[in-house]
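First chain A sits with chain B, and in the next complex the same chain sits with chain C.
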Partner chain A sequence: MSIIHARGLGKSFRVADKQPGLGGTLRHFVARRHKDIPAVRDVSFSIEPGEVVGFLGANGAGKTTTLKMLTGLIEPSAGAVAVAGFMPFRRQAAFLRTITLVMGQKQQLIWDLPPLDSLRVNAAVYGIGEAEARRRIHELAEMLELGEELRRPVRKLSLGQRMKAELLAALLHRPAVLFLDEPTLGLDVNAQARVREFLADYNRRTGATVLLTSHYMGDITALCQRVLLIHRGRLFYDGSLQELTQRLAPYREVCCDLGEVYPPQAFAGFGEIESLAGHRVRLLVSRDQLTATISRLLSTFPVLDLEVNDPPVEEIIGRLFREGAVG
Partner chain B sequence: MKRTLRLARVLLSVQYAYMLEYRAEIALWALSGLLPLIMLALWSGAGAAGELSLSPAALNRYFLAAFVVRQFTVVWVIHVFEEDALQGRLSPYLLQPLHPFWRYLAAHIAEQATRVPFVLAIVLVVWLLGAGTSGWPPPSSLLLGLLVTQLAFLLRFLLQSVITMACFWSERAAALDRLLLIPYLFLSGLVAPLEAFPPGLRRLAGATPFPSMVSFPARLLSGGEVDLLGGLATMAAWMGLLLPLYLLLWRAGLRRYAAMGA
Partner chain C sequence: MARYLRTLRAFWTSALAAELEYPANALIELLSVLGNLAGSLVLLALFYGRGHGLGGWSWNEALVVLGMYTLLDGVTSTLLQPNLGEIVNHVRTGSLDFVLLKPIDSQFWLSARTFSPWGLPGLLAGVVLIVVAAGRAGAAPAPITVLGTAGLLLCSALILYSLWFVLAATSIWFVKVWNATEVLRSTLVAGRFPVSAYPPLLRTLFTLVLPVAFLTTVPAEAILGRATLPWVLASLGMATLSLGLSRGLWRHALRYYTSASS
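Moving on, here comes the complex of A and B:
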């Protein structure tokens, strides 16, 4: 039986419709006009217990709005949603004990106090006994490689340490369903990797269901077998990551620092030029040609430095919709 | 029950630790609440005690008590709630099995506890400067006065919480609270004992919750004559009216909440 089930989910926001300039301001003051902006339209999907699902989409696509409806923060304008058998917007205590939402941009920890103080509050709010809370904090802190940081004021922690402490606070009550909204946003590569490892480990140990949004393809490839792709509020794809990767990101980004400056035509046959500025060139190279292309680049040009990255999800999705590969 | 007590203890101790981080700011806020003492100087200077059927000592005690009541009934929930709602900080609170009302209430009580040393210091200074404040009421009256002061705080907190619900409909709901400041100042007994008011204005004040917020606890605290049961019944009636209204508005407001900034 599905643990998350959404059927025909929709959400519209009423926003003021004001024209620019003095005339528009005066008209808006006298006769205020509004319009309904649909943020999510007719979204349906089901997620089974223990699944780790990636939720992809460009900025403003409707990912966060959907997460807010699934957690009960906002009421859907249309459709139905059930999470662990509850209607989220009713926000019953039993439902709130079952879920957690981690927002990379927002924090629940008290800024001027050490994380341990916020953890004490969370333990009391969720009715976790003091001894049990200490045990869980110790266990999660070990998994997250947190120690003395828990005794320092949150404002003195690095972004990565803060994010890990946020995760600890969000998981103290052992939720069965995790909603993660950009959990690695702004973290450096090492911190991103540690957070991913932790989430994978947590999922393995507890069998928790995870729905994750991220701008980093690395998060999705490391954690998710299945992805949902949302575009302009509509669900465009629901399936395996492998299939989507072939359709979505058949390219990798190769960035080279060269010993000399070359004209664009010098890179013909090496891939699509994404940018060329002085000694630095960024190329989009087909995945199946990657090894051969790198060998040719190294043998053709005086390469000083070379990096291979996944293009940002935003860019891949933009390309995908421009090319009409999904629809 | 044990769980609730533990939750209250943890919330209050953590909020107290948080407020201590802002002790300098809280000391300044305590100093900024000197209005009743300024009014005391004005009324005493005008020699108005006789006209109010109060002895100079009783007038001094009233304003000193009003100062203490004012210090422990300061409410700012609308300002933090407005910011929390706009910045998205309300969202994590909504996702925990504890009504945010209790967090804000705990924060206010912790802030009051942080004020205690500053208020005591100011009272001591005024006490030493004002010879007429001698002859305090018995400890039982003081204790009762302090308890009623806490009830006055709860009433004020509840009233502002009701207005706070406007944050779900407007991004600048705190302005509404400023509208209430003038009637609160004049009708609560903060700038003058209610005896100083003409009968019509006194009746008008009596029809509002404001005298319960300052005049009633201040008179108790200063050992003045009060209708204790009548005063408590008035407070209970206002709370009985405001609490369901708050819950109703909370439910309606949440339907409009867009979790902005989150």
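Moving on, here comes the complex of A and C:
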């Protein structure tokens, strides 16, 4: 029995059709014209209880719009969606107690007060008794490694601490389904890792279902066995992460600082040049050639510094659609 | 119901704590209340000092109206402005998402989420002015009259709240409606004086379109013992109608909410 079920889901937005410049502005002010822009088209998938699913796509691909339909914030223009047996857009109290939404770029904590005050408000809203709320806060704070931070005004917390406190506030009512929109946005590498560990731990302990979007491939690789890939509002891939990375990212990004400036042709045979600026070159090197290529790079060029990364999701996806591997 | 009361307590304790983070606000608000009240008193004194009356109201009776206005203005500063003024921001930044995903009535959340203790001096000043002026105008209201007046004032507050909420709710479509709420607040300043002081055209406007008459003049008539049943019923009707309108419009508006994009 799936806990999230979407069939033929679609959403179009009505946007102003406005020409640039003063003339266009005035014409638009007098006679507004609109057109319907489809943001999400015919998306179908099912998610089983306890699954952690990554939701991938470039900016504007329709990830957030889909999340908003799943949480009931906006009404689908087409298709049907059910979450834990509810129609999300009706926003029944029983449904809202089952889910939670965390958005990396929006916050629900009260800016001028310590997180504990916001938590007290949430406990009251969800009807959690005071003793029980204290117990849950203690438990979650321990998992999140939050202590004194809960007593300091939110505006004085670091971004990482704030995000952890946001997670605590979002999980106080023990939701069974977690929707996370860029939960590690802007965090440094350590804080990202801690948030990931927490989410994995939470999923293991509670069996909660998690659907998460992220720009960081690291989030997806650490947490998700399964990914949904959305492009221009359509679902393009639904399957295991392993298969996707083999299909999509058989590359690693090698970034070198060199002692001298070289022309682009000097890197022929090492990999595809992603960027070349002065002393710094970024190459995309296929995974199976990685170690061999690095040792050749080190012996051929005066390398001052070398870094190997996963290429950003955007890059992988862009490459995928350029090459027409999908679609 | 118990959950709503507990939520309200949590709302207001946190609001109080947040406001006390900025104590300088207290002084500024206090000065603003005193300044406004002094300005209104001088204006009234000018009318009466030159032998003009205001629509047949004596000096002390007119002060009762001013007291009602000051009291309502206090309600505005304490509750309406801090809460309803935020709705536009919730829509603009998309933080309305968090409100809509809470298992609690969203209109309740948006209308009662916070309160500003700095509006309380205004409330108090209004009550003092009403009591003193009504006494000097020779009114000796029975307890039932006081209770009735309180009821009518509650109607006034509900009418004012509903109008404001309706305007704020339109931000779902127009996003920026600060101007509209400014117009509302400055029109309500008209409630400082008895409605009969205005020319007939404005009087009709203030009764039927912008219910300024119900806000201050009707409760003032009541405490002075001059309330008439039709006006009391009209006031009750107006309050029920506008409250119903605000709820209906909010539900309707939410169907159009698209949520600010990430």
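One rule holds in what follows: the second predicted complex is superposed on the first by the 323 of 327 C-alpha atoms of A that agree within 3 Å, B and C clash if a C-alpha of one lies under 4 Å from a C-alpha of the other, contacts with A are read in each partner's own complex, and residues count from 1 in each chain.
The rule we apply is simple: a contact is a pair of C-beta atoms (placed from the backbone, for glycine too) under 8 Å apart; a residue touches a chain by one contact, two chains touch by 3 or more.
This is a predicted model, so every value here is computed, not measured.
In this superposed model built on chain A, chain B and chain C take up the same space, so to speak, and clash.
By the document's definition of touching, both partners, chain B and chain C, reach A:Met103. Look at A:Glu182: by the touch rule set out above, it reaches chain C but stays clear of chain B.
In the superposition on chain A, no contact is made by A:Thr206 with either chain B or chain C.
Once chain A of one complex is fitted onto chain A of the other, the partner contacts of A:Ser77 are absent, as it touches neither chain B nor chain C. Touch criterion not met for A:Ser12: it reaches neither chain B nor chain C. Once both structures are placed on chain A, chain A residues 13, 64, 68, 71-75, 91, 93, 96-97, 99-101, 103, 105-108, 110, 112-113, 117-118, 120-121, 123-127 are touched by chain B and, in the other complex, by chain C. Per the touch definition, chain B reaches chain A in the complex via residues 3, 6-7, 9-11, 14, 17-18, 21, 88-89, 91-92, 94-98, 254-255, 257-259, 261-262. Across the complex, chain A is touched by residues 3, 6-7, 9-11, 13-14, 17-18, 21-22, 93-95, 97-98, 100-104, 109, 255, 257-259, 261-262 of chain C.
Those residues of chain A lying in contact with chain C across their complex are 13, 64, 68, 71-75, 91, 93-94, 96-97, 99-101, 103, 105-108, 110, 112-113, 117-118, 120-121, 123-127, 153, 181-182. Taken together, the chain A residues at the contact with chain B in this complex read 13, 64, 68, 71-75, 91, 93, 96-97, 99-101, 103, 105-108, 110, 112-113, 117-118, 120-127.
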